[in-house]
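Okay, got some structures for you below.
Each of the next two complexes has subunit A plus one more chain, namely subunit B in the first and subunit C in the second.
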Partner chain A sequence: MSKRVGRPAARRWRDFGLAVAMLAPSGVILGMFVIYPLVKAIFLGRQRCGVTSCRTTSWHQYVDAFRSNEFQDALIVTIKYALITVPIGLALGVGLAVLADKYIKGVGIFRTIFSSTVATSVAVASVMWFFLLNPNVGVIADWLGGTAKTPGFLQDPGTALWAVSASSIWANLGFTFIVVTAGLQSVPKDLYESAYVDGANGFTRFTNVTLPMISPVLLFVTVVLTARAFEGFGEIDLLTEGGPKAKTTTLTYLAYGRGLPTSGDDGLRATVTVLLFFVLLVLALIQFRGLEKRVHYGN
Partner chain B sequence: MATSSSGLPAIDQIRGGRKFGRYVFLTVTAAIVLFPIYVMIVGALKPGSKVLDQPLLPNHLTFGTLSDAWHDGKLGRALVNSAIVSIIVTLAQLITSVLAAYAFVFLRFPGRTIVFALFLATLLVPLEATLTVNRRTMQSFGWINSYQGLAVPFLATAFGIFMIRQVFLTIPKEMREAASMDGLGHIGFLREVAVPLSRPTIGALALFAFLTSWNQYLWPVLITTDEDYNTVQTGLKALKSAGIGQPNLVIAGTVIVALPIFVMLISFQRQLVRGLTAGAVKG
Partner chain C sequence: MAYPANVAQVQLDKITKQFDGVTAVEDIDLEIADREFMILLGPSGCGKSTLLRMIAGLEDPTEGTVTIGGRVVNDILPKDRDVAMVFQSYALYPHKTVQANIEFPLKVRGIDKVERAKAAQVAADSLGLGEYMQRKPGALSGGQRQRVALARAIVRNPAVFCMDEPLSNLDAKLRGETRAELIALHQRLESTFIYVTHDQVEAMTMGSRIAVMSRGHIEQVGTPQQVYDRPASVFIAQFVGTPPMNILPAGSVEPGEHLVGVRPEHLRITADGPISMVVTLVEQLGHELLVTGMVGESRVVVREAAHAAMPAIGSTVHLDAEVAMRHRFSALTERRIDV
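Then we have the complex of A and B:
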């Protein structure tokens, strides 16, 4: 740093004023809208609220909420939703990125097409799929189930979560494809060359060279897709409103959806979202602990 | 996406049959991925009475449906709202991120590590866990149904600070020392050296911040009740619930809402890739 002479203590504090000024804008926003609301929500979560006022019950509200059928069902729905969308989304994204990575004519067109869904917001993708799957107007429903299949894929309790998943996998494909493609391009080509010289076939090169080299990218995509599944709200709100029979009521929808015990009760909302926070925290720890060991970061 | 040409013909150029199979597979998958988009565009270009009539064929083409959706859904207003909020959020995030990242990388002050850890820890807090209290805060400010309400909670993010910090860390410390000896203060160094050197990353953050803000769904639903403050996402929600008997209007609305972002992403592909992959590199 600067060569100006000063007592060590004075030097430590010299930049302090400037640092405070530079950190203050971010600090105020993050403090007011991330840290404070989290802390406040933890306390709000032991209250029940009406429109104008809240009354404190007890910390036991967290235990009761966690044990309630609604929460347990939503937790299971959310886990199912993640177990459907994350592996399929990841496999599709990786598969297509690998296939479209080789030099073949027209690869640019394929890449543009597979990347394109990144441009659709949750609302756009969900409204699109709502019409595709709608039994009265939907094209897909028309093909798969004859005219006016009743109930439609989104209304049938057996297929609703799969239908929502299809929309979500489609919407996330662009993101996964772009990130994995970027990862593939950073794999040194001479690694493939030596594997080839050693007689490795295409599949062995994929499992022994490609997968380990892009493992940080795979970890990243897995974490993001899992978080999106657990925090999914828009697709549920626009496609099924949590129904039928709560078969698509995920944790986030349980907190913010309509016609639920949490609706209009900020206390109970806070209880559910704080529990969601802890579920996600545990999940993040598991993902990083379990996967970090297998992830190859190079040097 | 740019075509990458690799220098490995022996492996990369595959022979006849396999190559044909790959083409078939890619083409079929591409058709499946494009199918929903195609159906929407065709639907949006048909008059209301004909949207169910052979939904896959572009017959009876008209722009009337698009224009009806534009008016009925008040999508012009929604687009302006989304643009205002997203531009404010993007500019503010760039400023707050660059300033904070600079302090963390180039300034020495007591407690730097702890403050940085605290900032970074906010990445672990899911948005959903904060929104209930944030809505109450906004209510006490009287900011329900306002641009402030939509934008202010997102004027700074740990992600942005972290992303800019990573690129500032690659600037050699010697450059700062040399600049300092030339009498260039921190603000001067920030403006004349650090920011220009980090332009690609700053561009990527800008696109990422804009896209994230534009695509927000839950927060606008919670914070607005007046349709004058609909963003494109909540406008689409409103159009969908109002137009359940007129699928073609809603379909046309979807196309209108999706179009600007499509155009934008095609123009800024490189920034997009950089922004999306920023989290994948080791910090």
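Then we have the complex of A and C:
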């Protein structure tokens, strides 16, 4: 019978100690800034707070909050917001990156323009779109007329979410463009040439070479854009303040917005925020499980 | 576009290619006969891959015409030239199975699924890939990947195969085996093969003719034996042949202002030869003996029989070469002088 050869126990303990020591700084930061706040928020989420004090209710507060009309409406708005901003943002970012992935004179100018939104803060982008969409002074309102003018895209319950989405898509375009452009650089040129010699047209090369080869990048961008959509707050606060008629009140805005049931109640805000965390966790698992089998890693 | 079954002649007339003012290929004329195995041989940067890419349609000539099967194809897309290309890196789609890789050219052409699968299986079986059809390239060895690239080219049944150093990523043993397979493939398919390499062993063993290139020009075209026996320039003399031809300075072997080239196997160590050499290295290879030394400032290699006497390093030996085995080159132009 052969004897399994392993490391001596003393060495294993020493290695374990060394591993703990090397992981400790990251562990401390993770613990202080992620795990502790999360645990604290979970416990805060079963309290109701006034101006001066909090009272503990029960864990049922989570169930009640999840079942409330406000939460369900905000969840639907958030899902709609993500379903608008993520596919459109991804398609535009990929499209522009593919168009700009050419070795022609002057293409650098376009790359600079397309990626420039990454340097724009949410506040600046939102204020810019606020004026563009303003029914009295905005150029978009002047061009389009109709609802854009009266009552205005941001003021009409039917179009407000789309208007806020436009601002978000524009603001995220630079990030998507830069990441996808980087991904395109890693696609071997001879794959395109081989497909070209074999007779593939541009669309066939795009679907058979480009998309599969940048699929890890697309998964990453999808996850990030989805997280941003679920966590979006600044553009909503500046453009619509969650209105009109709560048509742009997302979960994050529900947690922190003004004039809402959660206003002034840190306990209820924590409840909504923790629920949002678990919604995002489930979403991330679904995304990775569902999309990752379509992703090709390595060459 | 299909050519008549027996016409896949390739003709290059006055081909020039410039990239941003840099001339990669200049004024090239070359005729490749139908079903020929033509080798484009040369060092890195000589323009051989650029020339191949212009034939395949991946580059457009700055000047000149490319003719395939009697038709000028300068303005014809690669897919309509009936040319298949095998790349140095194989260019296999890593996310597709072997079967999908081989079928891809047919799928692009709208061939139906059943026909595609049949044709792919035939191509794969002919190269011993039948059992790997559902694997992805990442799960294959280098040699297997290379055969998948070949199968993908074969499945189209093209008139012309363009191969850009397809063996350069293989180890030496596999390279030798695959060389033999490619020669057999050429004979079986009866297509025109245009093969780019910097390896003179591949060129000498595989091609029916070799076009030796240097700095964007064709230096010589001929059969492997012609290029070996009568190199047109010092460059070719030293590029083709291992060890390379010895180029001896003017006046060291015979009177005159010209350079004299002698192959290592044509030099003999004799008692009273006209050439004095100081021995610097002796290599016993088992099947032969290589003696390296200095003749003046020139490094010279002599190939002797395996059991010949081994001179001492540092000793001076005398060399001679038969007059008929000497190659004469102009000291000014380094081109061959025929006496």
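We take it that the second predicted complex is superposed on the first by the 265 of 299 C-alpha atoms of A that agree within 3 Å, B and C clash if a C-alpha of one lies under 4 Å from a C-alpha of the other, contacts with A are read in each partner's own complex, and residues count from 1 in each chain.
Note that a residue touches a chain if its C-beta (ideal position, glycine included) is under 8 Å from a C-beta of that chain, and two chains touch if they have at least 3 such contacts.
Just so you know, these numbers come straight off a predicted model, no measurement behind them.
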{"item": "Which superposed partner A:T78 touches (first subunit B, second subunit C, both, neither)", "value": "neither"}
{"item": "Subunit B versus subunit C as contact partner of A:T159, first or second or both or neither", "value": "neither"}
{"item": "Touching partner for A:Y196 - first (subunit B), second (subunit C), both, neither", "value": "both"}
{"item": "When both partners are placed on the shared chain, which of subunit B and subunit C touches more of subunit A", "value": "B"}
{"item": "Contacts of A:Q61 with subunit B and subunit C, given as first, second, both or neither", "value": "neither"}
{"item": "Partner chain in contact with A:Q47 - subunit B first, subunit C second, else both or neither", "value": "neither"}
{"item": "Contacts of A:R111 with subunit B and subunit C, given as first, second, both or neither", "value": "first"}
{"item": "Touched partner set for A:T226, first subunit B, second subunit C, both or neither", "value": "neither"}
{"item": "Which of subunit B and subunit C A:V122 touches, first, second, both or neither", "value": "first"}
{"item": "Contact residues common to both interfaces of subunit A (with subunit B and with subunit C)", "value": "193, 196"}
{"item": "Residues of subunit C that touch subunit A when the two form their complex", "value": "56-58, 77-79, 83-85, 87-89, 91, 93-96, 104-105, 108-109, 138, 152, 156"}
{"item": "Residues on subunit A engaged by subunit C in the complex (per definition of touch)", "value": "188, 190-191, 193-200, 204, 208-209, 212-213, 215, 296, 298-299"}
{"item": "In the complex, subunit A residues that touch subunit B", "value": "1-3, 11-16, 18-19, 22-23, 25-30, 32-38, 40-41, 44, 96, 99-104, 107-124, 127-132, 134, 137, 139, 142, 170, 173, 175, 178-179, 181-183, 185, 189, 192-193, 196, 205, 216-217, 220-221, 224, 227, 230-231, 233-234, 237-238, 252, 255-256, 266, 269-270, 273-274, 276-277, 280-281, 284, 297"}
{"item": "Contact set on subunit B toward subunit A in their complex", "value": "1-8, 10-14, 19, 22-23, 25-26, 29-30, 33-34, 36-37, 39-40, 43, 51-52, 55-56, 95-97, 99-100, 102-103, 107-110, 112, 115, 118-119, 122, 124-137, 152-158, 161, 176-177, 180-181, 186, 214-215, 217-218, 221-222, 232-234, 236-237, 240, 247, 250-251, 253-254, 257-258, 261-262, 264-266, 269, 272-273, 276-277, 279-282"}
